[in-house]
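Here the structure comes first, spelled out in structure tokens, and everything after it is commentary.
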Amino acid sequence: MSIFVKNEALFAIVQKIFNEKITFNKTLGLRVELLEDMRPVIKFEMRDELVGHYIRGMLHGGVIASVIDVTGGLTAFLGVLEKTGTEEIEESMELLPNLSTIDLRVDYLRPGLGKWFIATGDVLRIGSKVAVTRIELHNDETILIAAGTGSYVIS
Amino acid sequence: MSIFVKNEALFAIVQKIFNEKITFNKTLGLRVELLEDMRPVIKFEMRDELVGHYIRGMLHGGVIASVIDVTGGLTAFLGVLEKTGTEEIEESMELLPNLSTIDLRVDYLRPGLGKWFIATGDVLRIGSKVAVTRIELHNDETILIAAGTGSYVIS
Amino acid sequence: MSIFVKNEALFAIVQKIFNEKITFNKTLGLRVELLEDMRPVIKFEMRDELVGHYIRGMLHGGVIASVIDVTGGLTAFLGVLEKTGTEEIEESMELLPNLSTIDLRVDYLRPGLGKWFIATGDVLRIGSKVAVTRIELHNDETILIAAGTGSYVIS
Amino acid sequence: MSIFVKNEALFAIVQKIFNEKITFNKTLGLRVELLEDMRPVIKFEMRDELVGHYIRGMLHGGVIASVIDVTGGLTAFLGVLEKTGTEEIEESMELLPNLSTIDLRVDYLRPGLGKWFIATGDVLRIGSKVAVTRIELHNDETILIAAGTGSYVIS
């Protein structure tokens, strides 16, 4: 099976789980938009429900932390998948619930203003027990809103 | 005006802002339940919308990070208020929008399971520019679910 | 063998490793002073070599981070020991090199001034793969200089 | 005065302060090697005094945290200098003691093995009160040993 076909199928499953089955992702309106070279891109629109600063209409810090955590976890998950090279998609999906956040750092860099936002992640290390990823959140004007680092335990 | 009366009035205003005006707090169902000795207690119930792990029904990591950030910020806010000793409540309320998170660490310690959850905060330092607070999240069985540290800029 | 005797023997070995075999601990002048209820106390004196701020003569931030890391690791190590309840000290000592820091947060709260400093640690969680500890550094006037949180992988 | 000349002079002063006046930098053997486009490069050799793991001869975690902090601080300092565009070098140097670390995260990614190590920093944000930088530490084989993020208060 070619990598391309596999990624197509993988993308469909990841989308289904992240966009539909993880309820709070739906609450936030997060969508896995694209999986380029096994790197996730998570997108969401500004909505009233996500506002923290009621005067300036900025994203709530918790929304930002949530997206950072979700993107870091998905990046770690795809990194593990790539490293272990599991051919069976269904099997690899079983890994997903077994990846959990150890800890997370979020740096709030600029006001969470924008029409929509995009989060991307990079692998710093995929070990046998622990994965570490770095995450960035940009708005629709490519302004860096927040950055973060997450450690995840693989079991 | 006695401290007690002041705290009563302060509590009412803090409750109004946190429970009603910060939209995402409403999305999460966060409530400022108590202000003991200027220390905030934030409570919320488990609800389907807050679930991350769809099989085990645990709190989403983002919900936990959000509560840690909100509680840390409120703890910092009350710490600043106590330090500056502003007598005028309305005036001190104007401080609120001017306190923003620099960065946050969240440690996910145990599964986010429970009927309801309680977050509490402690001041590590209130400086003239930066406040640092430490936060804990327990479930209804007093199990420590998560801990965190937040740095906040005061302006 | 009684717990008391065991702790005496344990203390002697921990002291030997930490104070003598870990070279950089010697460079810093760190000493494991006491093991109360399996909680480590690490002490060190202010010395010229440890200065960062050459005008005010404060501890270098790296010295503070180092002590936070060392104390967090030792707290995690003793926590693992207590949980697994290994009777054989020599055997448990073999665990030591297999505990390594995943990540560390250090909060610099007040100027690193003092004649000597004391670091103490508390367990937040000892899991089967990951341990999380919280650390505080006080000076000789019991002023809280820094705080931190460390995650450690157990293998 | 041309930027080039200014950077030459700046480099000389930064070198003098960092390599000689900050005592603990000397203890660690840290050297500011290069200032490319206002980005600092800090280099140090492996030495016995810096060892943490006495069996495998790896860098002590505290050495890594120290270098991450120093590099992050210098990156922030140069970022502030570039932003404010101070023409007078002597004057800008006076800023240096007034930049202090708020908090630091260090991610220990791979064993601290190597003949020498290089730390580099990038600015995430230079605000009017707070600067945030991201730091990486590589060994002589360009293996990423550690990464970090630091927040610094500017006063």
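Which chain is which? They are A, B, C and D, in the order written, and residues in each are numbered from 1.
Just so we're on the same page, a contact is a pair of C-beta atoms (placed from the backbone, for glycine too) under 8 Å apart; a residue touches a chain by one contact, two chains touch by 3 or more.
This one's a predicted model, so the numbers in the text were calculated from it and none came from an experiment.
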Reference chain C; chain at largest CA-centroid distance: A
A-B compared against A-C, more contacting pairs: A-B
Rounded Å distance between chain A and chain B, as computed from the means of their C-alpha atoms: 25
Inter-centroid spacing, chain C versus chain B (mean Cα positions, whole Å): 30
Distance from the mean Cα position of chain C to that of chain A, given in whole angstrom: 34
Touching two or more other chains - residues of chain A: 102-103, 105, 107, 132, 149, 151
Topology of the chain contact graph, where touching chains are joined (line, ring, star, complete, other): complete
Touching residues on chain B, where the partner in the complex is chain D: 102-103, 105, 129-130, 132, 149, 151, 153, 155
Chain A - residues contacting chain B, complex: 17, 21-28, 48-56, 60-63, 65-70, 73, 97, 100-108
Chain D residues within the chain A interface of the complex: 105, 107, 109-110, 124-125, 132, 134, 144, 147, 149, 151
